[in-house]
């Protein structure tokens, strides 16, 4: 009856803090946990889960071809695990999410995944899509928009703070940054960026997400 | 500050009943609502939302090319709407979900969507994927598996009750039926069907969802 | 691992419909259920759970001294129960809620309770208080205020529609009715009624709930 | 449309960490917050919110007679507040919770309260009772029992780790400590302590909570 949880949020909601607190709660009771984070997220150094508020912990790193089921079971055979916690879970593959669901269903190990819901174009990540499809519980962690409403979307902005409307889902290096916004403010700024990009004749492969958002009234 | 809600569930959780009760609550207070359902769902006759428990109501039908924003705003201009309710919301297109989010964000009309989370291969429908990405609130309605646990998955079974592992996402006509199962029982039966299909050399285009589910121990 | 659920709401959210749908879901799968409602709620006839939308079912009645644990276990011994559903759960005693929690904890029978959160003076009922203290899951069912916001409070009104500020928690007979309101509109009308009652010198034992609600600005 | 939230949990779920992260999120966006904690909770020094994981912040202290509405509005008049956060909210009085609800309803300031649900005898605290009655959203933060299930109850234990069945709701000083347990393990140990207390002829005023929990089978 163990469950697979997906704690989803926009940027800067405090996902890593919540993960580290859950991990702390288990270990404080003398239980064993195993922490994972995405290999590509190297903000805090290799194999580290860090939060802006100042907490951090060492974690195993997963790549696209990591067999999470085998890796966790190998550890579990040495010392039984009470909980598996995964940060940056939006980067999991579909197959890895199914592996995690098997940890819960067949081996009775609770799995807590923390990650972004959508990318800078309001599209699901592969990991989020599969977690939203399969998790037993979907729990939102709240970020706050500059207007005070709940922020649920992630706008990509360039070095000058201007919205970016096209590009790869995951931008490594570069000057791009993200800002968490409510859906209304996200689409207003994304749409404006798409329109400017269209005017400037810039080529882009991806379908503009907000194209239906022209004013109807 | 109106919200876009996604009430998601497996088959037979009572989604339509919950929709009709919410509609009843609004109309009982003298408020105006607008009901929508998918054109392809003609179980209950054209343009009808019906529930197994015996309730039903007339609804507008949406097809893939229905402009929901224009259609709702035309009605809203005649008589202000207090709520829009959408059944079979898994069949919405991405564009239509964005239109519904604009009803909430820009025109302050609450939108309540009810639909399946995943198809018979554990894949998101287009409408569910976009609602899971964009909705302000994700609320699960509970179905029950034959084992007593929460049913979250929909197994497609043929006329003899055998699991079907491949085919179109939406099967119209035919003898296929669906059964709501917990994730564990769903994958066990889907995997068995995939294995039998593989043994029989049957051709199938779609990637078997449960292929990673071989026993590791 | 069975759970005790408390589905709470204001008046007219559709609690009984939700209960009857959950019961339908279990019975549709060939499972056995047992339904309970408060003896004092005889709106729909003795031992009946009825909903405004037109559904109803026969139910056992509990009074303050009903031993729910013994009564359910007697039935369970004859034919194993898969779920116990309780309407008007705000009228349960503290002891009865503990009995229901034991059905879940010790006998593994899920228990679904549906009831009001607060009375016409914004006070918890005995049953709601204990369920809010002990239930595994607190799930809100939504009613709608006349202003379009979520209604969470129950205002008692007399035959002329005027708010009633004092009296017994449960009024049987008489011309009093209830209206579901959001918290803001509830306290505005309750406070006005309290002030009028104070001006008219009427005696009342209960502490006015909204007395701190004088304007501070 | 600001809301009053009650984040409730057993001991050691990480309530203070969650509060401090929410506060961090607001301040990181350049918004203003005001923090409160109970005067009697002096674990971390006067006027400090501290978490076991190592975070802390300075907070205003409330006592039973603190007028929270006036105190917050005085601050709000100097510099508009975007959020009020209250730790140890189980110690709020009924009147103070109503004051906080007015901050949300009339002055549009979101209020986030964090506190215990029940005391060592499974009874609601005054603050929890009123928050469970009036809050717009009830959100559970999870602690873990030694058995791996969700811990929802707080057992008081003496210096030798034995359960304490009677006493004041809040014990200051002394050697008593608390342990978070699931409901099943909580009642098993509380009941055993009550029985031992009864055998030893010890006098106690409070009604034993678990007295109905004798074995019926």
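As written, the chains take the letters A, B, C and D, and residue 1 is the first residue of each chain.
Keep this in mind: a residue touches a chain if its C-beta (ideal position, glycine included) is under 8 Å from a C-beta of that chain, and two chains touch if they have at least 3 such contacts.
Everything numeric in this text was worked out from a predicted model, so none of it was measured.
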item	value
Copies chain A and chain D touch via same or different residues, half shared test	same
Farthest chain relative to chain C (centres taken as mean CA coordinates)	A
Length of the line joining the C-alpha centres of chain C and chain D, rounded to whole Å	25
Length of the line joining the C-alpha centres of chain B and chain C, rounded to whole Å	31
Centre distance in Å when chain A and chain C are each reduced to the mean of their C-alpha atoms	39
Contacts with two or more other chains, residues of chain B listed in rising order	1
Pairwise touch network: line, ring, star, complete, or other	ring
Partner chain C, residues of chain D touching it in the complex	1, 69-70, 73, 95, 98-99, 101-102, 105-106, 117-118, 122-124, 128-129, 132-134, 136, 138, 140, 149-150, 152, 183-184, 187, 209-210, 212-213, 216-217
Chain C to chain B touching residues, read off their complex	12-14, 17-18, 20-22, 24-26, 28-29, 31, 51-55, 82, 110, 142-144, 146, 148
